[in-house]
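Per-chain numbering from 1; labels A, B and C assigned in written order.
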Amino acid sequence: MSKEEHKLPLSKRKESVIFMMILFAFQVFMVVLFSVWVRYSKNEVDYDKLTSAEREVLAATGGAVQEEVTNIYGYFRDINIMIFFGFGFLMTFLRRYGYSALGYTFIISALVSQWSVLIFGFFETVDHKNDHGGDFASTFEMSQTVILQGLFCAGAVMISYGAILGRVTPLQMLVVGIFEPIFYFLNMFIGEMNLEAIDVGGGMYIHLFGSVFGLTIAWFLTDKKSKDCEDNSPSYSGDYFAMAGTLFLWMMWPSFNAAIAPLGEPQFRAIANTFLSLTASTIATFIVTRLFGHLGHKIDMVHVQNSSLAGGVVQGCLAHMNINPGGAIGMGFLAGVISVLGYLFISPFLQRRFNIQDTCGIHNLHFMPGFIGSIAACIAAWKGINDKSLYNPIEFEQIFRAGDDQAKNNAAATFISIGIAIAGGLFVGAILKALKKVGGLKAKQYYQDSAFWHVPIDYPKDVEY
Amino acid sequence: MSKEEHKLPLSKRKESVIFMMILFAFQVFMVVLFSVWVRYSKNEVDYDKLTSAEREVLAATGGAVQEEVTNIYGYFRDINIMIFFGFGFLMTFLRRYGYSALGYTFIISALVSQWSVLIFGFFETVDHKNDHGGDFASTFEMSQTVILQGLFCAGAVMISYGAILGRVTPLQMLVVGIFEPIFYFLNMFIGEMNLEAIDVGGGMYIHLFGSVFGLTIAWFLTDKKSKDCEDNSPSYSGDYFAMAGTLFLWMMWPSFNAAIAPLGEPQFRAIANTFLSLTASTIATFIVTRLFGHLGHKIDMVHVQNSSLAGGVVQGCLAHMNINPGGAIGMGFLAGVISVLGYLFISPFLQRRFNIQDTCGIHNLHFMPGFIGSIAACIAAWKGINDKSLYNPIEFEQIFRAGDDQAKNNAAATFISIGIAIAGGLFVGAILKALKKVGGLKAKQYYQDSAFWHVPIDYPKDVEY
Amino acid sequence: MSKEEHKLPLSKRKESVIFMMILFAFQVFMVVLFSVWVRYSKNEVDYDKLTSAEREVLAATGGAVQEEVTNIYGYFRDINIMIFFGFGFLMTFLRRYGYSALGYTFIISALVSQWSVLIFGFFETVDHKNDHGGDFASTFEMSQTVILQGLFCAGAVMISYGAILGRVTPLQMLVVGIFEPIFYFLNMFIGEMNLEAIDVGGGMYIHLFGSVFGLTIAWFLTDKKSKDCEDNSPSYSGDYFAMAGTLFLWMMWPSFNAAIAPLGEPQFRAIANTFLSLTASTIATFIVTRLFGHLGHKIDMVHVQNSSLAGGVVQGCLAHMNINPGGAIGMGFLAGVISVLGYLFISPFLQRRFNIQDTCGIHNLHFMPGFIGSIAACIAAWKGINDKSLYNPIEFEQIFRAGDDQAKNNAAATFISIGIAIAGGLFVGAILKALKKVGGLKAKQYYQDSAFWHVPIDYPKDVEY
């Protein structure tokens, strides 16, 4: 390749300079704020008063900090795999967009993970001040669970990315990565801290919010030409990689839904329900993908890669609840069926009628199963309130924090999630649209790594039909 | 691609309809049975009698249910990776069969994982009734360990799949997935619950059983034309993917053999022996693959992908026993040597003389090392009975459940595993053969995704030599 | 392919025979030494004196052996993934060297993992004898942590392999795998056991040592022709695989640095600092890779694959220390910046002026960030000694084992690591150079699997520009 080909045109150079400046400013800002405001989680112990036996025990066990690491870190690790490997590789199905799929997932999720500590810390500190009064705390204690919150938020951002995959510049993704977390944690602050809604695996805060946000910004980034790009199509080896992403998401999903569930029976149910539900959505996928005659009874890899995961999404809110193992299978099956139908019928409709092009079909994988799960959580909450024999008194208190208002509050949180996602999506979408002037992609550059990446000589050629 | 090409011929449409009907009926059946018969594992606590201090402790620790999750879930997660990712990708080496390898592994293992809860529950309930009398229990308590049993069973089914890879329809795989678990748990019921044989990592129940079952059904699915299909050959990038499968199997194997080992020394030995044995079989593989002149001293990727795992298989029965670390290395080395020799000499012989075509060479990876390990377990049991200094009294009771009959019972379980596998294989193989009439594959469709999958335009072309 | 092509020329046959003989002798040697000298870790319990209640507790909990498994095995598993999958796939970026990258990583790391148990055992026994007198112990107790040490050592060897990737025969790699661990554990013996230096994640012992050793042997294996091989260049799909390696290294790195940290606050900080630092080096990578005009503001995949990991390396020594979360981000950012600059400017310089060709750029990923981290550890040690409020008294004792000499000892260990690595590298490099006569690679065989592997028909053809 000649040197010329490596160069970006002028407008893209501008995009690059702004990208670098914002990212650098962001990082400096982080270093300063983390330095002055964030502290490591500590054991609350008066070391002078310990007997030597107590000291030995503490040295050997590590105390409360270690307990949290022991309970959470294994899940953190799994969810880390889901975000960076799972989402990254799930999106490599396009024939020449894998560098971008992997690369933007990498940089944006890394940024969101850092940024989230501060935003979550801010809202938690506000919440603490609201409840207990006093000044805004001068430092914020970062625990293992706090870092985990950053991965959850990155999950929501990656879901949104799925809708606009292939049609954005790095600068546009950077804007999404900086602003979406603010709306994400605002929503979570309302739903989790004020309404005390039930949402153990982010059915509302992650899947519903992330997908509505993503579909809203996708509306700003859809144009006539983007709709029939030849490069918006999978490749054979790309699908192997995408299946690696799918499988790691699928295999780690029980950890996603169980990570912050109360210990004991709720945590076990979160694992069991999620796993059973995933097996059922996988079964549903293989049935429905073969069912439709216009597809000639052949299996469609797009459905296998995505709809098999719907069973994890649909359990997002209520995986830890006592919904009966048969109920978990039924819900997963339903989610899988609806998800495949979405790919077959609803996505094309959304694109035609509403001008929303949704590259990965997040509507079908995250929105519909997420919404069903959110409504199911309201019903399960209502049932739990009315039949206390379903839960032991300890877990009842842990799960039903809003008491008799639980079902109502969950319904409220569901629609607030949708509302804030739309508002945030409109705000961010408008910025993205404005940024099209700064080195934005032409339609012929959509779904191509070569726009922003050095590519090797075996980079796939243009398709000839 | 034109619309015509997407369509299946009439006989395949029939296959598709039956596939969908059985799978749908299966799923409805599962929802009903799980709903009425399966319940979540619970803490056995009388909550009314707890002091408030006891309540706080229980809320903070999660009780016995959480203890099982803490002990088992990490292993469950690893074995989940082995089944879905490990087996799936290990089988992607064929140049145009990766969708099928990944897809059928996915759907069938998901189905088996669900189905197993019921079958295992049935046999456990029968066993409990045999031991304690009374009625057949009206519900079955599903614990973390029970769900894990489903993954073990899926492992056996995937081993069997390895033998017939490329020569089956989805409908035929569905039949295997529904029937093989019944024989699997019947065998386990006899060996584990009645004979109380030692088999910590499924050396007999999974590897020996799964491979004999697979070789038996492969006999029904081998014909003259299947033997020299050009597509029954690896591709360069396919081998990278297959190595990803191999490596995850290899890396997670200590978890496989240690998952249900008694806590403490046996569990540690299971990890250590498996790991050492795997390093030794890897070393053996690289020696023997280079040894044979007719291969020109070059390394064969097939051996690396498979025989390096023989050290995990050979430890299947007895990884947790006191076999001396040097013994573990020796066993792993022996298994690796024999496995490569199997690929070089025995597989071709089986195909030529016994008409058993074994696509992945499960004979060499699972049968031979599994059989050696099963016999070694008899010897180790005999040694343990005769030299009680090898084990502390606690672990002795946990491991040697059959007391002085241990070696004899293990020998019995070994041959019963082979017997039931042959019987089951004959039964299922006959059905598979009959199902060839329902859209069965023609020889020229063997080892090809395009028979049942939509494939992208870069699907590999026919080979031209 | 004809049979002729499969055959190796005479000199390569000699290489093969010597390779097999050494490897076989090694394995026999291992079986003997493990059998006579290595024993499994045991609970130190007098079983006769246990009450039946104590027995039940021990049976249910597994005692001290289980405690170590519970604390360590999860990390072991993650680091296992890093070594075999992470390093293996990271090195698959070359267009036709993936079998070798994966295969040699596999066999050499397996060998090193075994071999390390003995060498580590030797040095620990010597250390114990030095401290407590008496005879050299007649057996060595292998615990979960001991097996983990083998993976750490394999990490150092794989770093060294990165420098010479593509230019070595299996026999040469075998020599590296047998000798490098001896120097590795000698260095660790001095730094860890004698100087009691701080190095929780192997910043000095693994990254600094491994990279200096690798660069030294690379000097012996660089010649005029190796410098511009057309095959020393990435491929598009190879880069996807390499990203899978990168991501697993990135995601598991907190486990790497936390595995042997003292429980409690130090372990938590090791996780948090490593994770934050990695996010920062990822951000730095994307800034600096776009910054340089001669690259036209496009993103370079080489930087993304490597420099994003610099944040893990730089935390190697001191991840568990109280460096402030802002400090962790700052260090990660700095490491990322310097690493990309290394790829852009220093590696070409090293190759041109010092005749050191460093295929993977270990200088930029391991040497520079490793050295910065080692120096930072001296500073953090000095700070900790002078401001005891930074640590609680329990962790202070655990971390600052050398007391007031800590900073000085850490500085000494840093330079001793470099010194021993150079000495070892010169010794091993000289052997490697001598072994060029035994079937050594010609320049036109560099960076090609076909030299030692059977390759399928779709093995990439020679590049035509």
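Quick notes
Just so we're on the same page, a contact is a pair of C-beta atoms (placed from the backbone, for glycine too) under 8 Å apart; a residue touches a chain by one contact, two chains touch by 3 or more.
Owing to the predicted nature of the structure, the values given are computational and were not obtained by experimental measurement.
Copies chain A and chain C of the same sequence differ by a rotation of 120 degrees once their CA atoms are superposed, given in steps of 5. Residue numbering at the chain A/chain B interface overlaps only partly, since under half of the positions present are found in both copies. The centroid of the Cα atoms in chain A and the matching centroid in chain B are 33 Å apart. Listed for chain A are residues 74, 237, 244, 460, each touching two or more other chains.
Every residue of chain C that touches chain A in the complex is listed here, in rising order: 74, 78, 95, 233-240, 243-244, 247-248, 250-252, 254-255, 262-265, 267-269, 271-272, 275-276, 278-280, 282-287, 290-291, 295-301, 304, 308, 322, 324-327, 329-330, 333, 392-394, 398, 460, 463, 465. Contacts from chain C toward chain B in the complex involve residues 6-8, 12-13, 16-17, 19-20, 23-24, 26-27, 30-36, 38-43, 45, 47, 55, 58-63, 65-66, 68-69, 73-74, 76-77, 80-81, 84-85, 88-89, 92, 98-99, 102-103, 106-107, 110-111, 113-114, 117, 142-144, 147, 170, 237, 241, 244, 452-460.
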